[in-house]
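In this document, chain identifiers A, B, C and D correspond to the written order of the chains, with residue numbering beginning at 1 in each.
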């Protein structure tokens, strides 16, 4: 009887009915004119979400990880140097992928909970007078720590160092939920997926690629076929797909974009920020600490929360699922056992968030955490009450 | 973005995905053998839920109100006397329907918040020495007041009075959620619907009819065709339906019965009781009063809650919907403006109930109700924590 | 593996995906403002399909049979005389219903395969100088015989007789598929349902009621509550429903109306006529006869086809279902065993119709019918080819 | 109004309702125990369909093309030699992929319409005395030409040549529709997808990998991360997925396997063969020729049909879609303009196939093809009638 509880994992998100229905299309011929009429506006709409006028949208039937692989294999050659900072599980995985593809990875180690170190990037880039660094890889929203990095600052660092490297950004768990400005921040490849801010099923990697990155394709020697930008761009230009497309997700994307634009992207971001702030108020009321080191780093899509000394966050996540049938995120990598995560992205409401807070509170109490039952819920309730539209209007 | 909030109206209930999918059958020929194979086990399974071995299950493509009309029009004649107690909106509606069908309705007026008055029934029946009363009509669960009546006590009263009247019971908002014993309580017609304990869409009235009520058909003179038991029983016996059947709901019922039996009816009832008790703890913590006058009357499917003097429950329900996108039940009839209702039936979890409590708390606080924010949530959390399976096992 | 074959019963129809998805709404509060916003345009849109400006649309969670019962019980009193012609199963059922409701039914017996006898109606009405006949009941499309009657002619007969009776029309299997003009034809109550031309699941009776019929409510003495127009009109006017509404079907109706209006009602009717003509060409090529006696009576939603002497149409329908997994309509009433029926209404295409013709041909050949295999398919193919839009454009 | 026509492209196939419903699962936590309980039996069930006891099933959120890339990148190193015969579009694409991944591809050119040339493979392998050929790549069912190759013969050739190369087989458009025996034929990697014989949406590549191929992973130097067998095998063994899994497709696979096993794989293959034979009878009746050169090569999932001299198959496919709303496959590669394709795989019935034949016949007649209208339909009808279960039983 628990299949109606929301999930509080940081993606895939709770899919709204409207999108579930949109994905229920029966098979259609992907070589027919109807397919083109669906795909083209999807590609166009994605540009708005990525914040790009000049970028090219490229989709693959794959997960976000596949999107990363596409990004590097289309633009780099074996032995090329890339610069990456490791401050969480997803930046770690990107490093691993680069190494397995024979790239020379210059790693800046940072504490988990910190964000992209613009100053250290600047230092490294300034030191790279030969411009051997071909790309800087940044994770916009580090899902493992609940840290949002300042991409604009990284761009400024690159500009200050006057370095021509490309900038690749993983925005899998931020796009469509937090402000993203591909052109404004000078991003060369942004990598996302269908199952987070777009609120769809998993199965489509979505990339935005700058003209500079497209030019890099010409000389990139890493092998690729399935993930080859050229095949996809060629087929898309002709109204098709180089192989069988994920039709259901393309229809889902069309409707997801409609939903986002109807609400208005700024309103979508504001909603995420408001819901996230409520969660952070609850964490504070519990007397617990976020993994994210400072407010400027707080992610609006996921909060990673340290459990008190002597407690095991895995046991908490197992208990809350087994006893109450609700899924939260475990601590990943360095945070395993030390933190749990509350996903708060996608199609979500005050009511849904409060149900998650009430439930994890019960689970923490069951395991004798030193928290006051209800304290988190009340803190979030107060914040939500004060920030409803009527409340704000009244206050103004 | 609120289409994923649960509803807390006392039915129709939140439909679980499993049942929504079950109702998605494409058109099939209702005169084909496949139809029979689906309908027959549904009728059989319903007998278990009604608690009857000898009753006949009769379904109509209609709402519960249609079921009531079928009950009286198949068994009574114009001018027949029926005995009814008025203690809420649904007993009131039943009186109104009987009057509009030309029956002679002997009404026992009771305060809203009380239950079926077994003693007064006994008095009236004992006084009816000519046995002019043909039927006693009882609402098992009065949805307007959140009162569950003691049907067994009514039966004892009838037996004590040694009166041959039939007993008709409205169990629309109790069946499949609270214990019901048609044979055990000597019920002659029990009337329910698809959209409450069965967790399906609205559109099917479901009745269980005793042999005595079936015998009454022979002499009943109220006109009926659409609702005629004889046509339905004849067609069902031949594996069909007298007109186009509600195919999607019949498939839905098949799956709903599977769900109920997999969980076990006793567990279903226990779950409803546990969730309802949590709600009542919250009401108590708020310092509010239930409309139901005493604990033995408390309904496990809906709680009607008095708002404090000087407050308007309609304004509360409008506010919580407009501001938080969550639906609760308004006060009906005498309770209009004076009480609101929390539905807690069907496919529901601790987490879902807590989300409702947290939300209505916010709404009450917004409107300056003298309640302590979070108090209801904490009271329910404490109760739910203490009564999870692991907690009970540990305590034992 | 046969769940993807279309059905060729004369309703319920094959539901298009678009409408199946539209009906998948989760439970919503039917007392919330969102409900009104959905219901009101549905009622308005239905007026266009019925062809009425002054009529009132009334819906019930019921089948078409319930709609008939609503029509008579809201406007007539026991003993009232009604005039009906019996020329098929559905006109027969209407007679039966009237009799069971205590009406005095003046029956004009006509051969099955004929249509509403305007001349005989005129005769009977002219003879009724006291105006004891309160209503004339006509079946627009007799589903059992595939006969479409001329309602305008009946109206002219009534006018010629200068008779004030109301005219009630059963358009269950014609509305939304064939031209219907409530105001133009002076219809007082038109009765339809969700599962035919509207291409939805069964479960909603839909009526259009003239001001004259509404006035008749005031004096009508037949008992009704569930089907009471007054309760429904009152509740609808206040944006609600007198009991739990069939929410899924109301959402389905909203989308169905959109589909019909997007295609254009005239195009919908023309499509039905074209597909039906192809079926009739096939019947002719097989050397079989329609039950409908003359071309002016041919229904565009269902064809009833006589089987040759010595053959049993029931055996054919059983065989084609058991062997090929495709449902056609059996012969009903007088036509039982003598005719089978091909439904061709709702969401249908050339390709779907041809699949039905090819399949029933195989079944007839299996049972040694004297038909030439393929002859019906070819006849339909030729007609469809000649009447595609490109073919018509070329010919012009 | 054409969204209910079946498609006759050679995949993705028409999805049966049962599978569409199965794929409608709401988001669940892929790190919860429920996920494991679903994935494990899917992997196990796939082994039966592939015909392997020792193979390991590996799935990716990707299309079949991604599956191919996984096959080569996990087992081979840059410069490795592979042996491939080019006899259609899909074998051509495999060659292209190998070349783009830096492999040394020894190509045997064969006419399109022929199958895998066992004799030439044997010759090439015998000549490769140094065993520089690491893998032989074979397309089991060449979707572009409708040719099914004899994999057992290729294995015999390899054995006769006593060559240790691995054998990789593309069975994307054959698995689950035609007999496949991984262990029996000594296949080292078999590559398939969700959207063909499994009747699901596109989005999951499914591979079966022999112990020998798994051993080859150890030394393979082609870069891979997203498609790395090791990550997937490790995660699967621990009950998880190395990244976000395509949950909906995994649930769909669970139900698809149930459907296949309920029908029985041998019955599934026999059904495909029977339906395909009917199509071939139609082609013959039209006086047209298959691209497949001889009956032993005829595919049971797709027929590629030469159009007569002077006709353009692209025009035919465009016309039939534009005029009748039905999708067939265009001629690919060398066959572009010269042949069209009829897909007949997945969830299909006699009735559905006949609708496709009747429709393409109309389109050919519209374009003045020298065919007799109806001839193909009749030929198929006759074959289907003679081979229904009752007909076969009667004949026996």
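Keep this in mind: contacts are C-beta pairs under 8 Å (C-beta built on N, C-alpha and C of every residue); 3 or more make two chains touch, one makes a residue touch a chain.
This structure is a prediction, so every number in the text was calculated from the model and none was measured.
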Farthest chain relative to subunit C (centres taken as mean CA coordinates): A
Which of B-D and B-C has more C-beta contact pairs: B-C
Whole-Å separation of chain centres (CA-atom averages), subunit A against subunit B: 46
Subunit B and subunit C: spacing of chain centres that average the CA atoms, whole Å: 35
Centroid spacing, where centroids are CA-atom means, of subunit B and subunit D in whole angstrom: 53
Multi-partner residues of subunit C (at least 2 other chains): 3, 14, 17, 24, 26
In the complex with subunit C, residue positions of subunit B that touch it: 3, 7, 9, 11-15, 20, 24, 26-33, 60-66, 68-69, 73, 78, 96-97, 100-102, 193, 195, 201-203, 222-228, 242-249, 321, 327, 329-330
Subunit A residues within the subunit C interface of the complex: 17, 21, 24-26
Contact footprint of subunit C on subunit D as seen in their complex: 1-6, 14, 16-18, 263, 271, 322-326, 347-352, 354-356, 358-359, 361-362, 365-366, 373-375, 377-378, 381-382, 384-385, 388-391
